[in-house]
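You will see chain A twice below: alongside chain B first, and alongside chain C after that.
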Partner chain A sequence: MALSVAKAISAKGKGFKPRITVFHCVSALTDASVLDSSGCDIQVVKMPCGIATREVFLLRALESGADAVVALVCPEGQCRHLQGNIRAAKRVARMKKLVDEIGLDGRRLNLFNISRGDAQAAERAIKQTASDVASLGPNPAA
Partner chain B sequence: MIVAEQKPIAEIKDIVAPYSRLLVLGCGTCVKTCFAGGEDEVATMASALRLAFKKDGKSIKVEELTVERQCEDEFIQQAAPCVARNHAVLSLACGVGVQMVASRFTRIPVLPGVNTTFMGQLEKPGLFVERCLGCGDCILDDFAGICPMSRCSKKLLNGPCGGSQNGKCEVSPDIDCAWQTIIERFKAFGQMDRLTRYYPPRNWSRSYAGGPRKLVREDHMV
Partner chain C sequence: MPKKYAIHTKNANPRFPPVGKYATVEFREDCAGCCSACVKKKCVYGIFKENFLHWSSMQEPEYLYICKGCYRCVQDCTKGIFSMSINPEYRALGDEYWDPDIISSTWAQAHTGRIPVSGAGYRGPFVGQGFDSIWTDMSEIVRPTRDGIHGREYINTTVELSRRPTRLKFNQDMSLAMDLPPILEVPLPVLFQKPEFGVLGEGVLLSVLKAAAAMGSLMFLKPEDYSPAVAQYRESIVPCLTAQDYSEHADMIRNSRMVELAYGPSIEREYSRLRSIKPGLAIAVGMPLDAATADRALALAQTDVDTIHLYGSSHGREVDSNAPRYMKDMIRQVHLKLLQGRVRDKINLVFSGGMAMAEHMAKSLICGADAVAVDVILLVALECRLCYRCKENKPCPVKLEEVPPEWGAQRILNLVSSWRNQLIEVMGAFGIREARRVRGETGRSLWFEDLEKENFGPLFGIRKVAGIG
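== the complex of A and B ==
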């Protein structure tokens, strides 16, 4: 996966280091430092629960210069606040549609369900997003 | 409450395109409850517009404000300084709010950001249903508290039509048959005899068909 990201990044222009804002539930990702090895510029926003993934936060992150925004929440059925992850998924889906309509490409927004302590899954999520963003190029509205 | 839904972002973008300074004005009452124009929706709309225009290489300054109610002048007055700083107002209130703001601030275009849809209730989270047409002559007492004007697809006053199946309207299985509900409620009250009454055609002059309506309360005029 890392290799394909590197290829895609070089295809879009050398020196493009995707900036990714990660909103994560503290239960889904306990240690965000595992994302440091992704090779991307990662901005981390810790949330008490996926429910705190507000729509405007996703857009404000893009406005602030993020090339992509990722929400990492617990798998369905494992939210300790019952439905925080489900609501987060619906909000991200709605904003993906809006971002598509704006013309920025909804692939810049993603949500992944991460089991508590599964750092590898979190890394994979970031690498997949970096791969998508690398093919899209920098955020034109940044 | 008045139920509204946001216009598509492409339509809003077209509407606001001529202006380089825009106030997105929300309303903290009905449209907030139906997620069309409260504080959160104002913030999201402002952000979306900034992103959309910046992506196209155009510069637009978008300011955000939400007042308690756009249909009352005393709340709109609070928006005056913000309105003065901008070239247009994108109102996320219902049609009443848009017109109220437009009548208050006569030198600035006030643009609609939502489509006002109906007067309704929140049936369950995320589902809003129409419950009143504002016909001007309420007859809910004769129909067990169920309005056949707003809830029967055919607006039958002398129902049921006979087309419903399993309590659902023949027009759409998503619609509960209003007359089935009326009958069930009258059964529960032990007042089935009320269904024998014939209802003559209504006088619609008290509804929107009679032209713009006014309500005068002399006792509140000074």
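== the complex of A and C ==
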């Protein structure tokens, strides 16, 4: 998988290393160091719950130079705070539309549901985002 | 009126963001928009302001160490949009003895010098093991002094480390017919010693020594830890020597108020030689706190030793045992043995190992100690997270090797000041105005084992041992 991402990245532009900001709920992803092997420049923001994923901070991450922003939250029905993941999903969906409207492409913004301790799923989510970003190229707003 | 003893505190901010306990989780979509009455503005610790600032700089923001978990925001929000979450990293701090609450409250005390705020929420069973099975009897708290324990009312926390004659002899003209041993006092029943592990660079040692000098306490230190910078504080150092090597450190002895000798057979023969190097020197004997300690202490008390320093494990237990007993039981055993031998008033007992909270100090005194020596807690005051990475030669997450002595000394002074204030609170509630009178004063305490036996023994016979913990 890592190889295919690397190929995709090199196909778009040599030397382009996607910068991804990851907002993650601590219940979904306990150890963010598993994301280091993705081959991307990862900035991790740890949150007590997916509900802390606020719209303004998703946008601020893009504004501050991230090529993509990923929110990793618990699967539906497994949130400690009952609705944190559902509300986070709604916020990300709203922001995706907004990002599309301003021409940045909504694919730069993604939310994934990760079961507690499923580090492989988190790694897959990052690699999928990295491959999407590789086709989109660097963030023009950065 | 003599000047009151005081430890001067001032804020010593942490160098690294401390691992906080609580996070606030907020469901903003449900906000009623009553901004003028918003509970965020009422937070006495200002955590929401900090929260926002952290978020805006894309840091890991939510585990705010300053949140004390008072639940005011959770309870007072008209729409109930707040809830609390506990940081999993916080739960992983320390170990089963040095638990996260001890570490976190020590950080807060070292930061501000104030008595820690425990906040709301369930804190576990009302009784535990070791010191947690003793409750202090605060019945006198209903009759506080008119002047207040921190005001004009003077509660003396001074303890002696020098031996006391058991009787006085007078001449015919009523003048004293004997020489009295010199008095060595420390203003607080807290001494310092070097921890067994940790990143113990010169910065850490100098921090502890500076604090000891500022508060008038002493630090037990081995000769190999001496350096020119450390030697400036020689008056606050108790060199820990052995019968074999003390003659090589005559200079060190001359400059110290007290010397500790490691226990060995016929150790009493060395006292006169030591006192010939420095007349009037106070002598302590250091020994492990094991099963034979009480008998050894009784034998030592017959000699001219001033203090016996008993080293327990860093987790507050007996050493060299398959079923180690708790510090409180060990203190009690040694104290009672000396009482039975009628020599308790002659000498002083200092216990060390696992002294983690101010209440451990107060409860040690109640059990029969004269003073306690602290070690690991000094590292915690300097932001140590007790991750034990240093034991594996991994880098320290809070860079203890770079501790500035000024800052470190202030953190330790803040912590000790907070401990002293807590001791004064407890003594005020005991109705005791002298720390020396707290020693062995079990009448001011309630012991879970005794209460259980007394109340439930007649009903259930031999008590179930599995109940507590």
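We adopt the following convention: the second predicted complex is superposed on the first by the 142 of 142 C-alpha atoms of A that agree within 3 Å, B and C clash if a C-alpha of one lies under 4 Å from a C-alpha of the other, contacts with A are read in each partner's own complex, and residues count from 1 in each chain.
Keep in mind that, in the parts below, a residue touches a chain if its C-beta (ideal position, glycine included) is under 8 Å from a C-beta of that chain, and two chains touch if they have at least 3 such contacts.
Quick caveat: nothing in here was measured; it's all calculated off a predicted structure.
Visitor: Give one word, clash or fit, describing how chain B and chain C relate on chain A after superposing.
Guide: When both complexes are placed onto chain A, chain B and chain C end up side by side without any clash.
Visitor: Between chain B (first) and chain C (second), which, if any, makes contact with A:Q43: first, second, both or neither?
Guide: So A:Q43 only meets chain C here.
Visitor: In the overlaid three-chain picture, which partner chain does A:L104 touch, first (chain B) or second (chain C), both, or neither?
Guide: In the superposition, A:L104 touches chain B alone.
Visitor: Calculate the angle at chain A, using C-alpha centres, between the directions toward chain B and chain C; round to the nearest 10 degrees.
Guide: 100
Visitor: Taking the superposition as given, does A:P140 touch the first partner, chain B, the second, chain C, both, or neither?
Guide: first
Visitor: Using the superposition described at the top, determine whether chain B or chain C touches more residues of chain A.
Guide: In the superposed model, C touches more residues of chain A.
Visitor: In the overlay, answer first, second, both or neither for which of chain B and chain C A:R80 touches.
Guide: Touch partner of A:R80: chain C, not chain B.
Visitor: Does the superposition put A:K17 against chain B (first), chain C (second), both, or neither?
Guide: So A:K17 meets neither chain B nor chain C here.
Visitor: Which partner does A:R54 reach: the first (chain B), the second (chain C), both, or neither?
Guide: In the superposition, A:R54 contacts both chain B and chain C.
Visitor: Using only CA atoms and the superposition described at the top, report the least gap between chain B and chain C in Å.
Guide: 6
Visitor: For chain A, give the residues common to its interface with chain B and its interface with chain C.
Guide: Residues common to the chain A contacts of chain C and of chain B are 54, 60, listed in rising order.
Visitor: What does chain A use to touch chain C in their complex?
Guide: 21, 26, 30, 43-49, 51-52, 54, 57, 60-61, 64, 80-81, 83-84, 87
Visitor: Using the touch definition from the top, list the residues of chain C that touch chain A in their complex.
Guide: Going through chain C, the ones touching chain A are 23-29, 55-56, 58-63, 83, 85, 87-88.
Visitor: Taking the complex as given, what residues does chain B use to touch chain A?
Guide: Contacts found on chain B: 8-10, 40, 43-44, 47-48, 50-52, 54-56.
Visitor: For the complex, which residues does chain A have touching chain B?
Guide: 54-56, 59-60, 62-63, 98-99, 101-104, 140-141
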